[in-house]
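In the two assemblies presented below, subunit A is common to both, partnered first by subunit B and then by subunit C.
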Partner chain A sequence: MTIVKLTNLTKTYPDSGFSVENFNLEIPAGEITALLGPSGSGKSTLLKLIAGLLSPNSGDLTFDDVSVVSTPAEQRGAVMAFQNNLVFPWLSVGENVAFGLKMRGVAKATRQQQARDILTLVQLDGFENRKPSELSGGQQQRVSLARALVTQPKVLLLDEPLSNLDAHLREEMRALIKSLQEQFEITTVVVTHDQEEAVILADQIALLFDGKLHQYGQPSDFYQRPVSRRVAEFFGGVNFIEGQLQDTEFETQVGQFSVSNLKQAATFISIRPEHIKLAIETTENTLEVRLLERTFMGTYYRYRWQAEQAPTLILTSTNTQDLSIRVSEKALLHLPKEQLIVL
Partner chain B sequence: MKRLTKYAGVALIVLGVLAPFIPILIWSFARRWYFPAVLPTEWSIRGWAYAFSSASRLPQALWQSLLISGVTSLLSILIGLPAGRALGLHKFRGKTLVEFLMLAPTIVPAFAVAMGIHVVFIRLGLADTMIGVILVHLVPTLPYVTLVLAGMFANYDVNYEAQARSLGATPLQTIWYVLLPSIYPGLIVAGMFAFIISWSQYILTLLIGGGRVLTLPLLLFSFASSGDNNVTAALSIIFIAPAIVLLIISARYLTGRNVSLARGN
Partner chain C sequence: MLFGGGLLLALAQSFGYLPIIGKTDFSLVAWQSIFQQTEFWQSLGLTLWIGFASTVLSTVLAIVCALLLRRQFRGKKAVTFLFQLNIPIPHIVGAIGILLLFSQSGLLARLANLAGMINDPAQFPALVNDRYAIGIIAEYIWKETCFIGTIVLATLQSVGEDYENAAASLGATRWQRFRYVTLPLIMPSVLTASILVFAFAFGAFEIPFLLGRRFPSALSVLAWRSYTDTNLALRPEAMAMSLFIALVSTGMILLYMTLSRKLVRQ
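Entry: the complex of A and B
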């Protein structure tokens, strides 16, 4: 298992604004790490830097403390599976999977056997003589994964592995990637712009904005302890109340809220929709609101509330049961102290 | 019935293509063929016998033609491949100008170009040499080769190369196992273009070769102007043969290949 370490890694493109500057990250061995960020955040650049398909302007990249900056892509042992599969259309499925072995000079019989074995692992046994054009998108994705795994890489790099798949194929592919990654114990880096993809796949997430590491941690950290409003918004946070800290209370236009985290420079408090509760009587951290909209979301209900004291403040809450409140009726919301995130 | 019409149609097309060659074929075997006779009144193989005798210099001309056209095609592809790749894959400042300059040799009369080149080649000692002739043949072949390959690269995904590198292919292996299989139909077409263009060059070969470099068209013209119809006809058929062979090869290989590529995409 290989630890990948990025030290002050810098890659700039003179023509476009995209760049990664002085990037530091230690990617733990044998786990899945997601590089998450919107387009232009530099996540794909980082992946290509690790793969050796791009050379950094400066900085260092090590696999198990050995610098690989000057190692060409084909000798690096970091295999990348591209987003749109890129299964070679002029080769059969079996030849595609055996491609990396052929390049390494593995004998024909051996590489064919290994290709067959790995195709069985991705549930494509018996497909070796098919043409890629005969496969569905999901099957091509599995060929691409098998083709990368068969070379037994030190580091597996996956570029948006779930983004081209529909909902049920996503789940299948997610489970497959997880089980193969655990079986082979490969250090895996996944690049994605989709926070859901990152959360369900990764053991830890590195969130990038504008070529910089914004937050690094386990998936749950990004929901429970986002470091900024931008992070909270990227992970689906919608409720933000402006204000500032006064001693132990957070002062806002709709009243004072007790918070557990006393961050002095804070300018917002936030709460996730599922943590907002109805209150029966005015106590600590309650807020008078009027129901604006109620939407049935299939498995839960979503409510949008307008604060009585500040009509521009809209809060969203979700509940698995119908609250039996009609639109424009008044209600009292409770924002539990321990769930309030201070930003 | 439907099948019959289809075959009749194909037969008509074949006849239309081959019809102009029929008189040439007959001429190559005719001794006496005067108006109003529909077919020659006397037959002979004198034309063919002379063409293949040592006096006709056919072996020399055929060999030099094959060599010049072969090397010209090869060089055209070697130069046209990177040029076509740059034009097909990249956007850069002045691209339209480069494209125009690439095409210019097809617009400017070859004679004008060759006159200027001739002066330079005399100074460089390239005039009257086979290398000089090959170099000047590149002038008309390169635009076609580059444009055919540029078209091929316009539909080429370079990420395939990155994917191959990442899977462990060296740069050379990437060219051999990824680039060439991807653009192979374009390479064949471009190579054949270059071969045929070079094969049928007359003025450029005459000017730069100065008569010392003898190719098939030069030999053919000398017999045609001397009025010897039998030998001219026999040589014409030999001259046309490679074009027909290349046409058959391309029809056999390229159609099937293109279909599978189109499906692949």
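Entry: the complex of A and C
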């Protein structure tokens, strides 16, 4: 199991002006770390830097404290499975899987056996003589994964492994990646723009915006303790109330709210839609609102509320039950103190 | 219809059917005659040499050039433009250029003489109208390298470097990436382009006529000489030779395709 450490890693693209600057991150051994962020945040650049497919302008990259910056990709032991599979179309499935072993000079019989074994693990036993064109997108993705795993890499790099799959296959592939990673205990880095995918797959998430690390932590941290409004928004946060902290209360245009965590420079409080409850009477952290919209989302209901005291303030709540309130009817919402996030 | 008609007429004439001189019977005399001529076999050997040498050398050079031109470097646009400049220039211009430069009365011979490297321009190595058809092959390489290279470059640019990156990540060295990834990727376009070049080099007439020796000459020149001979009785032989060129050309193309595909799959 390998610890990957990025120290002040910088990569600049002179043509576009985009850069990843002084990036620091320690990727723990034998776990899955997701590099999450919107398009152009630098996550794929980081993955290619780790793979050795790009060279940094400065900084260091170590595998188990040994610098690999000047080690070429083919000797680095960091194998990448690409977003669009990149299964070699002129080779059979078996030859594709055995490709890395062939490059290492492994004898034909041995590499064929190893390819068969790993194909069984990815539930493609008996597919070795087929051409990639005869496989579905999901099967090709599994071939790509098998091709990477068979070489027993120090680090497994997955670039948007689920983005080309439909919902059902995503679920299957996600479970497969998770189980194989647990079985092989390979340090794995997954690049994704999908926060749900990152939360389900990863043990840790590194959230990137504009080539910079904004937050690093366990998936639950991003819901419970986002470090900024941008992070909260990226993780589905939609309710933000502007104000400022006065002693232990957060003063807003719709009243004072008791908060459990105090952050002096805070300018917003936020609450996730699922944490907003209906209140029967005015107590601490309640807010008078009027229902603007009610939408059935399949497995839950989504409500959009307008604050009575400040019509520009719109809050969204979700509930698994129908609240039986008609549009434009008044209601009282409770924003529990322990669920309020101060940003 | 025009092509089919011409082919049928050539076929009929090769079997001795030439009513203009009163021959209306079909026979294998012309075919037997050409196969018995030493000059024919020597011409065939020379033509095969010209076809293969030109094709292989142009293809190898074209792949190298395309790989270099794919990279990012200062002045890439200008270099690519210069590389592709040959495409619209006719072969005949290239042949004249080769004559002016490389013949024993050409510019290089005179420069070598002036520089004291040789005592007389005639001492300059025979590169034109020579035994090994160097002038002919050089002209084909000059013209066809940019043709094949342009096609290969377009293919390389369209497939990008992702497959090579995937191979590098799986442990393939630079050479292995070229051998096992780049080559199979470009092989369809390399095959198509080089087959065209081979077919052209094997059957073309004007360059061997201008830059080749009189004996042995390329098959096309030999066929042309028979065809234009005042003795019309030689015309069936000319037709037999022309058809033989077409047959060998087709056979060689099939063999070349089979061998190349096999090589790539290994």
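FYI, the second predicted complex is superposed on the first by the 343 of 343 C-alpha atoms of A that agree within 3 Å, B and C clash if a C-alpha of one lies under 4 Å from a C-alpha of the other, contacts with A are read in each partner's own complex, and residues count from 1 in each chain.
In this text, contacts are C-beta pairs under 8 Å (C-beta built on N, C-alpha and C of every residue); 3 or more make two chains touch, one makes a residue touch a chain.
If you're wondering where the values come from, they're calculated on a predicted model, not measured in any experiment.
Asks: Between subunit B and subunit C, positioned on subunit A by superposition, is the outcome a clash or a fit?
Replies: Because the two structures are overlaid on the shared chain, the partners are seen to clash.
Asks: Tell me which partner A:Thr187 touches in the superposition: subunit B (first), subunit C (second), both or neither.
Replies: Touch status of A:Thr187: no partner.
Asks: Looking at A:Phe99, would you say it contacts subunit B, subunit C, both, or neither? Reply first, second, both or neither.
Replies: both
Asks: Based on the superposed arrangement, let me know which partner A:Ser41 touches: subunit B (first), subunit C (second), both, or neither?
Replies: In the superposition, A:Ser41 contacts neither subunit B nor subunit C.
Asks: Give one of first, second, both or neither to describe whether A:Pro132 is in contact with subunit B, with subunit C, with both, or with none.
Replies: Only subunit B; A:Pro132 stays clear of subunit C.
Asks: Between subunit B (first) and subunit C (second), which, if any, makes contact with A:Thr252: first, second, both or neither?
Replies: Neither partner.
Asks: I'd like to know which partner A:Thr316 touches here: subunit B for first, subunit C for second, both or neither.
Replies: Neither partner.
Asks: Is A:Trp90 in contact with subunit B, with subunit C, with both, or with neither (first, second, both, neither)?
Replies: Both partners.
Asks: Intersection of subunit A residues contacting subunit B with those contacting subunit C?
Replies: In subunit A, positions 48, 51-53, 72-75, 78-80, 82, 84, 86, 88, 90, 99-100, 102-104, 147-148, 151, 157 sit in both the subunit B and subunit C interfaces.
Asks: How about subunit A: which of its residues touch subunit B in the complex?
Replies: 48, 51-53, 72-75, 78-80, 82, 84, 86, 88-90, 99-100, 102-104, 131-133, 147-148, 151, 157
Asks: Can you name the residues of subunit A that touch subunit C in the complex?
Replies: Listed in rising order, the residues are 48, 51-53, 72-75, 78-80, 82, 84, 86, 88, 90, 99-100, 102-104, 147-148, 151, 157.
Asks: For the complex, give me every residue of subunit C touching subunit A.
Replies: Within the complex, subunit C touches subunit A at residues 162-163, 165-173, 176, 180-181, 184-185, 264-265.
Asks: Give the list of subunit B residues in touch with subunit A in this complex.
Replies: Residues 157, 159-160, 162-170, 173, 177-178, 181-182, 260-261, 263-265 of subunit B touch subunit A in their complex.
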